[in-house]
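Reviewing the structure listed below.
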Amino acid sequence: MKIQGILTPNIVPFHDDRSINEGELRRYVSWLIDKGVSGLYPNGSTGEFIRLSFEERKQITAIVADEAAGRVPILAGAAEANIDLVLDACAHCADLGCAAVSVTGPYYYNVSQESIEHYFRELAEKSPIDILLYNIPQFSNEIGVEVVRRLALDCPRIIGIKDSSRDMPRFMNTLAKIKPQRPDFTCLIGCEEILLPSLLMGGDGGTVATSGVAPEAVMKLYHDWQRGDLEEAKRIQFKMLEVIETMFAAGNFPEGFREGVNLRGFNAGRARQPMAPGEMEHFLKIRSKLACLLGDCGFDEAAAHCQRTDHEAPSGLKEQIERIDVETLVREVVGKLNPGQ
Amino acid sequence: MKIQGILTPNIVPFHDDRSINEGELRRYVSWLIDKGVSGLYPNGSTGEFIRLSFEERKQITAIVADEAAGRVPILAGAAEANIDLVLDACAHCADLGCAAVSVTGPYYYNVSQESIEHYFRELAEKSPIDILLYNIPQFSNEIGVEVVRRLALDCPRIIGIKDSSRDMPRFMNTLAKIKPQRPDFTCLIGCEEILLPSLLMGGDGGTVATSGVAPEAVMKLYHDWQRGDLEEAKRIQFKMLEVIETMFAAGNFPEGFREGVNLRGFNAGRARQPMAPGEMEHFLKIRSKLACLLGDCGFDEAAAHCQRTDHEAPSGLKEQIERIDVETLVREVVGKLNPGQ
Amino acid sequence: MKIQGILTPNIVPFHDDRSINEGELRRYVSWLIDKGVSGLYPNGSTGEFIRLSFEERKQITAIVADEAAGRVPILAGAAEANIDLVLDACAHCADLGCAAVSVTGPYYYNVSQESIEHYFRELAEKSPIDILLYNIPQFSNEIGVEVVRRLALDCPRIIGIKDSSRDMPRFMNTLAKIKPQRPDFTCLIGCEEILLPSLLMGGDGGTVATSGVAPEAVMKLYHDWQRGDLEEAKRIQFKMLEVIETMFAAGNFPEGFREGVNLRGFNAGRARQPMAPGEMEHFLKIRSKLACLLGDCGFDEAAAHCQRTDHEAPSGLKEQIERIDVETLVREVVGKLNPGQ
Amino acid sequence: MKIQGILTPNIVPFHDDRSINEGELRRYVSWLIDKGVSGLYPNGSTGEFIRLSFEERKQITAIVADEAAGRVPILAGAAEANIDLVLDACAHCADLGCAAVSVTGPYYYNVSQESIEHYFRELAEKSPIDILLYNIPQFSNEIGVEVVRRLALDCPRIIGIKDSSRDMPRFMNTLAKIKPQRPDFTCLIGCEEILLPSLLMGGDGGTVATSGVAPEAVMKLYHDWQRGDLEEAKRIQFKMLEVIETMFAAGNFPEGFREGVNLRGFNAGRARQPMAPGEMEHFLKIRSKLACLLGDCGFDEAAAHCQRTDHEAPSGLKEQIERIDVETLVREVVGKLNPGQ
């Protein structure tokens, strides 16, 4: 199963005691698949992989793979503390039938580009499963475009990149330097504000946290683009921007995205990095705004939590666009995924 | 004359003694107009405005306006040391018949967003000419999106923004927050690597330094986009990327862009910030590469300076694309600009 | 007159119409000299040099030099838009009898270290007056330590560095790499929080904006250090920290320092970059706190503006230290400066 | 045993297969204690804690504590993936008899100051062992000075800070804001270039990686300072600067420090993040320079690896200072530590 389209980086539901809520995670994964996402992406930054133990990360991948049961491909995060642990995680993901793993540049220390290249070459040589480079310079060492290019040309095991740098010029240069010589190299964008521009310029899809909150909308954008309806895809992309901004404004990432999932009817609990009591007031205000925005998108379970005050009328943009017809969308998505039916 | 399309930020030719070469500047301006650029943009960062004296900046605008003689609109940089000098420059540009001025956020010191907003409100109130905000956080204080939005909604004199931040998510948010309520607000991109994505998402054009070196190519991209030929526009955009990267790699900005102009047959001299002797060797190597790249685009005057060595064969990308048919392009551009003919 | 000790970067008093208030500037300069500062430093960042016109900067230096009339050495800022204008300013400062000029690395654009070295070598060769390098990477290109070292060893005209980088490890490395081979190379710190540590480690003094607000305190620290009273110098250094923090918190730099000067009995007016109305409330609150802090130092003219509220009691640190005996201090300073009397 | 003086952040010797070399670690720990370091600091950044597994980190602390056997206090790094794992590590360190643990701000994600404060308050409440805040904003979220101040005043369990920010103004402000109200709050510097300035201004010591390579020199500086010999302490501090710069220049941190340990007669192996083959040539050149510098300090085992070429004569600084008399120093240190003998 090829890695392309929209891969949803799942949040991890936690119990009040911060342990993993397996039941809710399973329910959430199946809901996402039912909504038509192209694939799943456990142990990404949205999934707070860095706050889990090594064993918990393995457990998350196992739960997601088991629940997906082959319905969609799985790209599993495998960024671990050192190369031997990464390889251990790779073997585990291969055993579970994942399609590929995603590995960040080393984090914490500054590491030279030469060493980063060397690191991925060793991984590529020893990994039993395909690898996507995961570029997220906000949090870990950037994997320079020239390093990506050399790895792409030399290492069959490295099949693509997931770029969360928010840097569109960089994404363009990546496409320009690699696709002509290795057209099958998968270039995913990890920045939902520019999903549509990336697709239009030749990208292969995205790992888009918003697709874990509003999979109907993100998949509609993707399918609109696939069938060439640029205007409708643009309408959705712009509509998404306010939702995205609101989720980022809610508190420490990924708390806002987790709350978006809650508003869709799940019990995700709080993130592993708890908010201070003083931050909660702000959070609840943002939560209500998010509920209204999701409600405006036609998600009734979210609308129930919308407490609109007079001075928070819907924005100009939202007024102009009609509601997404969810049922039609779902039908369409399901049809695409099961063309024979 | 409305500010839209491709506005070329001209370099300034200097004599060996670092004084302005007026004759070569006039020849260059007319050449750009003949090549079909939508407008001119003197005293931008490409024009080294910061290295000119106040009087020289006035002189540059006067020369460009006089040479253009109304053939294309002029957006003139008017970022000066303080608000009174900005207003002095605004009056000068108004007298010369410029279409608008462009003003950066204050540079050097860090200034609060509130003060930046206050600064532009005072400018908007007192300026005799329309203003574009010039956002270039690499070099001067960022003008935050919320400030841009409030200024756009409140100040008729502020007619748009030129965004050189290289930040596509920011550009998307700017479009989303302003266009629904003020559709005529001009949103220009100042980052040539993402010109096409910005146009596709609703941008109004760009101030693109590459259009001062390869105006035929940039205008072709723009016209391809206008007539809906996305594939051809993409081809040009990607082709431009290597040229852009090479010009940035030549040395301190804008030395590489100045050399691009030289390779098109002008005598621009060196930038006002001279290179060290030890940097010249690198520069000459890059210059030859640039000459080859421009030669590959069909610019024969540049091709004459291409000294290709064995290990510098044309890249895979370049091999795949045929040469730009310059004559057809110029004809097409001229036709668009003079629809009555 | 050698550049060492405490050189005060003067603010520039402005009239309400933003023009230079020459009378108040003269009164302020003489007051500073009477208080015993080692030298004056017009056209530094504190003096908002970047917001003055070229002619105004020349005017400021001329006023300060004329008013000082040889009583203290003058280090004049000469960072101009290009090398020829810097040399013009250097000649002007030489004519006025200044001791040296201070020149930042080029600002606005990013410029390579090689080009920065080349730039200073050309300046050193052509300048009729001694030069101090002015390193302030917050606002202009950093002058790397290796570049400083080579310039120091090769260029007699370059007699020192004023380092405002706030980077003590860098300052230590500068001392270690240059002093052994050129002991007369003047190393001034431009970060008042670490004035005493810099002196203790071998620095030659500082350009300290706080000395324009509380010259008695800063000179006392300097003289305490000179006569080996480390404990008393530490007491003053720590006492200064809260004053410094308060001035930085008042608004855009250097507004808080300007207000400090006002509280000492001058009419400096507002900075050239005006505050937004909404920022004024915060400013007035901070102003009152600053007045109290300066009052606690024994400056009665400031104490008159202190409106202490219950919850703003003096901090623990302030309570522990007795007031500075200003008269004794001034007598001591004058004695040091005029040892024959 | 109080945390003060020089705590050595030990590197971890690895076998060729990247597993922990317990024997060599034990030999190294005992050597450090014999050389007179004030304490040990396992699982710091120098110890590559982030590249170890959770179990390995526990193992390292256990080995160090067992080998030290109460001879010196142990400050153990306990920065783990989430608060529950931190508390698990705290309990483990308490069981081993460590004096305190050191905990960084959360790494990878950006986390608000409010949440960081909340995080440490929860830790302080639940930890069975004293805690030092570990501020290292290069690699993990900065713990703002105001947060440090509030935690210091409210939480008895939080007994100090180890500040590796390289930011001396910040360190000064920390001392000024906390020491007057909580004099026993331990303020350690984690930046060896400014060890002496920090001590002179009131700091309590440092976690200084160089003390793992040249413990004789760092302890001499510390004892020189203790007995008030500022000039001698300065001489050592400046001498250390070139050694420090050379170790940082060797490659990815902490490879140069690891090689320094090798040059003192240990077999530390390579870091867990291997160098690329192309980086090794540079490394070997730097290694030889480091060997010469350590040889100049009187460490004969290092001198054996010094291959000085003609153009690499000892620097001016080194020539001026006589060799450290190691034996005298060791005797002095031992005397201080065992005053009764």
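We call the chains A, B, C and D, going by the order they appear; numbering starts again at 1 in every chain.
Everything that follows uses one rule, which is that a residue touches a chain if its C-beta (ideal position, glycine included) is under 8 Å from a C-beta of that chain, and two chains touch if they have at least 3 such contacts.
These figures come from a predicted structure and were not determined experimentally.
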Fewest hops from chain B to chain D - one hop per pair of touching chains: 2
Farthest chain (mean CA position) relative to chain B: D
Centroid spacing, where centroids are CA-atom means, of chain A and chain B in whole angstrom: 35
Approximate Å spacing (C-alpha centroids) for the pair chain A, chain D: 39
Rounded Å distance, chain A centre to chain C centre (Cα mean): 51
Residues of chain B engaged with two or more neighbouring chains: none
Overall pattern in which the protein chains touch one another (line/ring/star/complete/other): ring
Pairs of chains satisfying the touch condition: A-B, A-D, B-C, C-D
Touching residues on chain C, where the partner in the complex is chain D: 166-169, 172-173, 175-176, 180-181, 191, 193-194, 196-197, 200-202, 230, 234, 237-238, 241-242, 245, 315-317, 320
Residues of chain A touching chain D in the complex: 18, 45, 50-54, 81-85, 106-112, 114-115, 117-119, 122, 138-140, 251-253, 272-279
